[in-house]
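Labels A, B, C, D and E are assigned to the chains in the order they are written; within every chain, residues are numbered from 1.
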Amino acid sequence: MADNLLEVDAIETCYGLSQVLFGLSLQIKAGEMVALMGRNGMGKTTTIRSIMGLTPARAGAIRFAGEAVRGLPSYKIAKLGIGLVPEGRQIFPNLTVRENLVAASGNRLGASDPWTIEKIHALFPRLAERTSNMGVTLSGGEQQMLAIGRALMTNPKLLILDEATEGLAPLIRDEIWSCLSMLKGRGQSVLVIDKNVENLARIADRHYIIERGKTVWSGTSEQLIAEPDLQHKYLGI
Amino acid sequence: MVESLLRVDNLVRRFGGITATDNLSMEVVPGELHAIIGPNGAGKTTLISQLTGQLMPNSGTIHFGGRDVTGLPSYKRSRLGLARSFQITSLLKDFSAIDNVALAAQAHDGHSFRFWGNARKERHLRDAARAALERVGLGKRADIVVSQLSHGEQRELELAVALATKPKLLLLDEPMAGLGVTESARMVSLLKELRKEVTIVLVEHDMEAVFALADRITVLVYGRVIACDVPDAIRKHDEVKRAYLGEQHAVTRHG
Amino acid sequence: MYLVIEQLLNGLQFGLLLFLLAAGLTLVFGIMDFVNLAHGSLYMMGAYFAATFVAWTGSFVLGALLALGATLLLGIVLEFSALRHLYGRDHLDQVLATFGLILFFNDAVRLIWGPAGLALPLPTWLTVPVQIIPGVYYPAYRLMIILVALAVAALLYLVVMRTRVGMLIRAGASNREMIGALGINIKLLFTLVFGLGAALAGLAGLMQAPILTVQIGMGENILILAFVIIVIGGIGSIRGAFMAAIFVGMIDTLGRAFLPDLLRKVLSGAAASTAAPALSSMLIYLLMAIVLVVRPEGLFPAAKR
Amino acid sequence: MKPKLNASSAVAALVCAALVLLPVYSAATGNIFILTLFTRIVIFALAAASLNLIMGYGGMMSFGHAAYLGIGGYAVGILAAEGIGSGFIQWPVALAASALFALVVGALSLRTRGVYFIMITLAFAQMAYYITSGLSRYGGDDGLTVYKRSDFAGLINLSDRNQFYYLCLACLFGGLYLIWRIVNSRFGLVVQGVRSNEQRMQAIGFHANRYRLVCFVIAGTICGLAGALLANNTDFVSPAVMYWTRSGDLMVMVILGGMGSLFGPVIGAIVYLLLEELLSQFTEYSGLILGPVLLLIVLFARGGIMGLLGRMSRG
Amino acid sequence: ADSVKIGFVSTFSGPTAVIGNDMRNSFELALDHLGRKIDGKPVEVIYEDDQQKPDVGKQKTEKLIQSDKVDFIVGYIWSNVLLASLKTAVDSKTFLISANAGPSQLAGELCSPYVFSTSWQNDQTPQAMGTYMTQKGVKSAFLIGPNYAAGKDMLAGVKSTFKGQVVGEEYTVWPSQLDFSAELTKARNSGAESIFVFYPGAAGVQFLNQYTQAGIKQQIPLYTAFTIDETTLPLQKDNAIGVPGTQQWVNDLPNEENKKFVADYRKKYPGLRPSFYGAQAYDAANLINSAVIAVKGDLTKKDAMKAEMEKANFKSVRGPFKYGNNHIPIQNFYLQDVVKDADGQLSLKTVATIVKDDQDRFHDKCPMK
């Protein structure tokens, strides 16, 4: 399947001796928005860490943009065009807001209309007000905005958002969702983890549900909405 | 008029050019669950930190239980019955979950200048800790080292630690953040129970939870209180809608 | 009056000399957050290389350039073969590992060059005292040190604080994983930066050699001084290190110059002549202790810039 | 935290047994020097163990710990020089002086954290070094000879090699036992909690610095005891024991053996000092071997020798 | 015993190893000259490195005495190492010969029947320099030295014999001071007619560098003690030319023994020249030789050996000398200067004899009469 941007095939990942992922698979096509769902501790973040090479998978295969990336160092994977908004924000505390953005900036893949600091500021006016503050002094939500802005600044082929709306005010959260819709409209591929099933069902194309390190269900938004049982069984709604 | 448990008068805190807390006054009465909401960077965390003493205000006063605590360091306030959870998880990463909670229990069980007996064998501390863990749903994960818990579990542990200090006033900074849907629901019902025992100040961006739980809501914008009222009034409050909620949440009802 | 001016000048130039010593360490320890005790060894190697190459080539400038290249290479080799595995680790692991390197280098130098030390003579054009203001002479070579130190300070500040590479180094020091996830080859970057730090150490070593000595263990006392300066200035702040170096240089020089006479005015002669040297021995440490007690994060904490 | 029978506790037990039996071996073979050597090692092990208490458990990286060796030693030396030979006076004074110094240094230094703490403790130790170097009445930097070892009213004869060795060993074991109890006590848990996350401990009601300070003083006092022993062992005390390189040696022993492991510093002291002694028999260039050994231990044995043993037994 | 066992404690690692090496080289040469036998018995020497640390030195001394059971123990560059080790040696009644360190205690209250020196007492050398400066008619001097025991002794030594005016006295931080410009500036501005310094080893190189570069060499002459010797001269080079010092031994002393020592040393160790440290070690070997021969190899006769050594009955490279009651030599001190050799190399040269048969000023305090 050549048109898959990302292909994860039966990966297994461990933290030290404890295995977390047991043969997990998923695919993302170019231009698609895919959601990863599951309860706390089921391995969503670990999946992403494996894709990025931060916690390398021990077995299985990962292909991104036609290249086998399992085993590559994370910077090489990122260079192929993945932008990450990590869990827990992980902004650089000792850099200013502006420096956080500049450090990440790059348009390796030559996007025609790349993200710039001005555009990020337009998306998050709050960041414009804090532009020369140290990262460490930002409020939780401001840090989250910065983390999203930083990932966008890399102008990625695939944007990965791990709980990117955590701690954001409702208004901003809505902003992010509409921004994601807009991105999707421009053909951006996105992998998103979020607990807001309603919004995910509204804008994502397909969904994977993870349970104990395996994908236990996958399907389109229509299928997801059509099966309330599923949500109850795996997500507890 | 009920005697207030916590009273804040004209609190000001500046960071360089920013006024994060701007002449803020508010009151929390015993037994209520008082929610604080507001846009990102409105100064909610800064306020909580001043209440618990991690940050000192530039001016203004804080009274807790009728006593002026403005100048007290955080450990003393904790002993008076002020407990908090941190927005950005702050735990003893290399300790097991139960050790984290037991230490909190120990803090309120007389002084800790005891150099001899094995603290991990003190029955009542361990029991209290286990109970708190059970309460937040971490009973089975007691012996796991914190760094190996998932993000959501760590959020739950934050609450257990705060609970173990047997506080009079519990200050929760975004306890739902990072919790899955199931866990959020569990947290809401846990808070519903807790509020019967302890006064709670809740900072949260999860509006469903806030409207379901709060007796009163204070709304902060740029460090100032723009509204303080019961949930229904806040929901309709124009300025709040504009600054924070947006249209969608003004109409959503919690089911 | 001349005396005071001259001593102020001495203090200033000693401070700049100290900055030169501390510059490489600011980069490696202050910015990259790697506690490198072997910095003193690289400093020593720089001096030994320079003494050797100058003797070979017969040219001070050529020898110095070769020595710079050699320490750069040595730094890169060290980083690549061992130290890169220690970045994320506890500071104390770094202390132990680089302490091992000190032992190694000291004995390696003794084995290769013998215990006697080497001489690094100056070319004659640098040995003449220069009259800077009427009546005040200054060694030409020291003037050159001042210039080099200022250049290094400016360069370092621009690179670290004003360029994207500098941002990446600082970011990488605080969160390596994340910088990798942004597509930056942090390993390579750090290798190069470490090499640059080593070259700066080497530069300090070879610049010092003509006024101090080329000796085994020459790096160790200087290492402590460099740490003192960085800590007083505030870890991670280049401006802080620069100011602290001048501050320490001034206090140290002026203290030694005027303290004994001052004390003699307040204390009895005998008490003063025992107290003054003891006090001036402790002066730098006393200064650091006072600064840290009053400002626990140094004079210019990096986070607040 | 049950004591399991793994490689590290087995090694600890073996080493203890060997230390206890050493005088027998020495007598049987007529090798007196090994006893002399190990007396010194045992004393340094005690000092390293005390450093481990603050460094490994308390997270306080003191780079001035050798100061207490000097203070304990000078207390004995100065009293001896002034004609007070009784150990019942000398030793309590040594402990009290160390405790007092630790109290002052700790109270000021604990305002800082991390590398700043490392450097400020270094500063105080260096000041102590320069002050004792200036004590011309007591030999200045030439040092002070202790003509008679501490006198314990005939209870124990410190000039007898075996008795002195066992005294040192008893102090070491006593110190380790004390540290072990402390570490597992309420106090110990608080101190370790503060190391892990100070803000959190403060928020649940602990005055972090007070616990830190007490811990710092305890460690300083134990090290002061080591200093008193060292002065008796060398019959001599000089500022050189306080120089920063000595503090560095102590740190190396702790990290080498395994920081935060009760027995680690003992192993560290034995390995480091023995290696130094043995290597110097074979080569004048011992650093060429010792240096890379230290580097390799850091690279491949996280948590020092004890960490390595622990991992080996876990497979 | 069918061999003579000698322990040799000195510094063989770190920057000062250069001194230790010179002492060992000279000691080995002396043994070569003795045919590596004393009174027909083979000699066994065990070298131990004290790392310049008192407690290590003491431990090495103990090892030599307890484990190796040596008959003599020789060496000791540093006063503090010697003082730390002294008690062990004296308590075990092992002969200790200090081949360098000469703290006042050793000459005074700590003197012992089992301890001899082949060097001097610290104060003697600067005293000789003070005498010379007085003889030369120097009117005023500025004194600079490191702030530690020997440094203070040295300046006190000069002051005790220098009759001119001491206009200033500066102590610098030891061992870590890098920069002497504050002191040099003060010296220049003090109007003193001369500067006296004591800086052993690397510090001496450093001081001369800065003294020369500051241009003070052309303005104020420098007088030294223990600042220029064969171990530092290769680093000091031209900076040292014309800077006088005093010493009890200079390489060109005209006695036969010395000529042989210097010539054979340079032959055996090409590129190196012996220093006074080595000369003292060389003498120590010959002192031991004389004692063993006197008791015909019966090393248990300690009293007889002591009596023999007190006679200083051997050919010293410094020429004949006597022992005082405290076992410290009573000897001449010479003025030395740096000159260019016939082959264009720098070397030290005897200029004059400053004091004859000088005895240290602490011998009264020694209980041995």
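Just so we're on the same page, a residue touches a chain if its C-beta (ideal position, glycine included) is under 8 Å from a C-beta of that chain, and two chains touch if they have at least 3 such contacts.
What you are looking at is a predicted structure, and each value in this text was computed from that prediction instead of being measured.
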Set of chains whose contacts include both subunit E and subunit C: D
Greatest separation from subunit C - chain, by CA centre: B
Chain of greatest Cα-centre distance to subunit A: E
A-B or D-E - the one linked by more C-beta pairs in contact: A-B
Interchain centroid distance [CA atoms averaged], subunit A/subunit E, Å: 75
Approximate Å spacing (C-alpha centroids) for the pair subunit A, subunit B: 29
Between subunit C and subunit A, distance of the C-alpha-averaged centres to the nearest whole Å: 44
Sites on subunit B at which at least two other chains make contact: none
Multi-partner residues of subunit A (at least 2 other chains): none
Residues of subunit D whose C-beta touches two or more other chains: 133-134, 136, 286-287
Contacting chain pairs - touch in the sense defined above: A-B, A-C, B-D, C-D, C-E, D-E
Sites on subunit B touched by subunit D in the complex: 52, 54, 73-76, 78-79, 83-84, 86, 90-95, 99, 103-104, 106-108, 112-120, 122, 161-162, 164-165
Residue numbers on subunit B that touch subunit A, as the complex places them: 15, 37-46, 87-89, 148-153, 174, 177-185, 205, 207, 243-246, 248-249
Subunit D residues touching subunit C - in the complex, by the definition given at the top: 55, 61, 108-109, 111-116, 119-120, 122-124, 126-127, 130-131, 133-134, 136, 244-245, 248, 251-252, 255-256, 259, 285-288, 290-295, 297-299, 302
Subunit D contact footprint on subunit E (complex, rising order): 12-13, 17, 48-49, 53-55, 58-59, 62-63, 66-67, 79-80, 83-84, 86-88, 103, 105, 110, 147-150, 152, 174
Footprint of subunit B on subunit D - complex, ascending: 1, 181-182, 184-190, 192-193, 196-197, 199-208, 211, 214
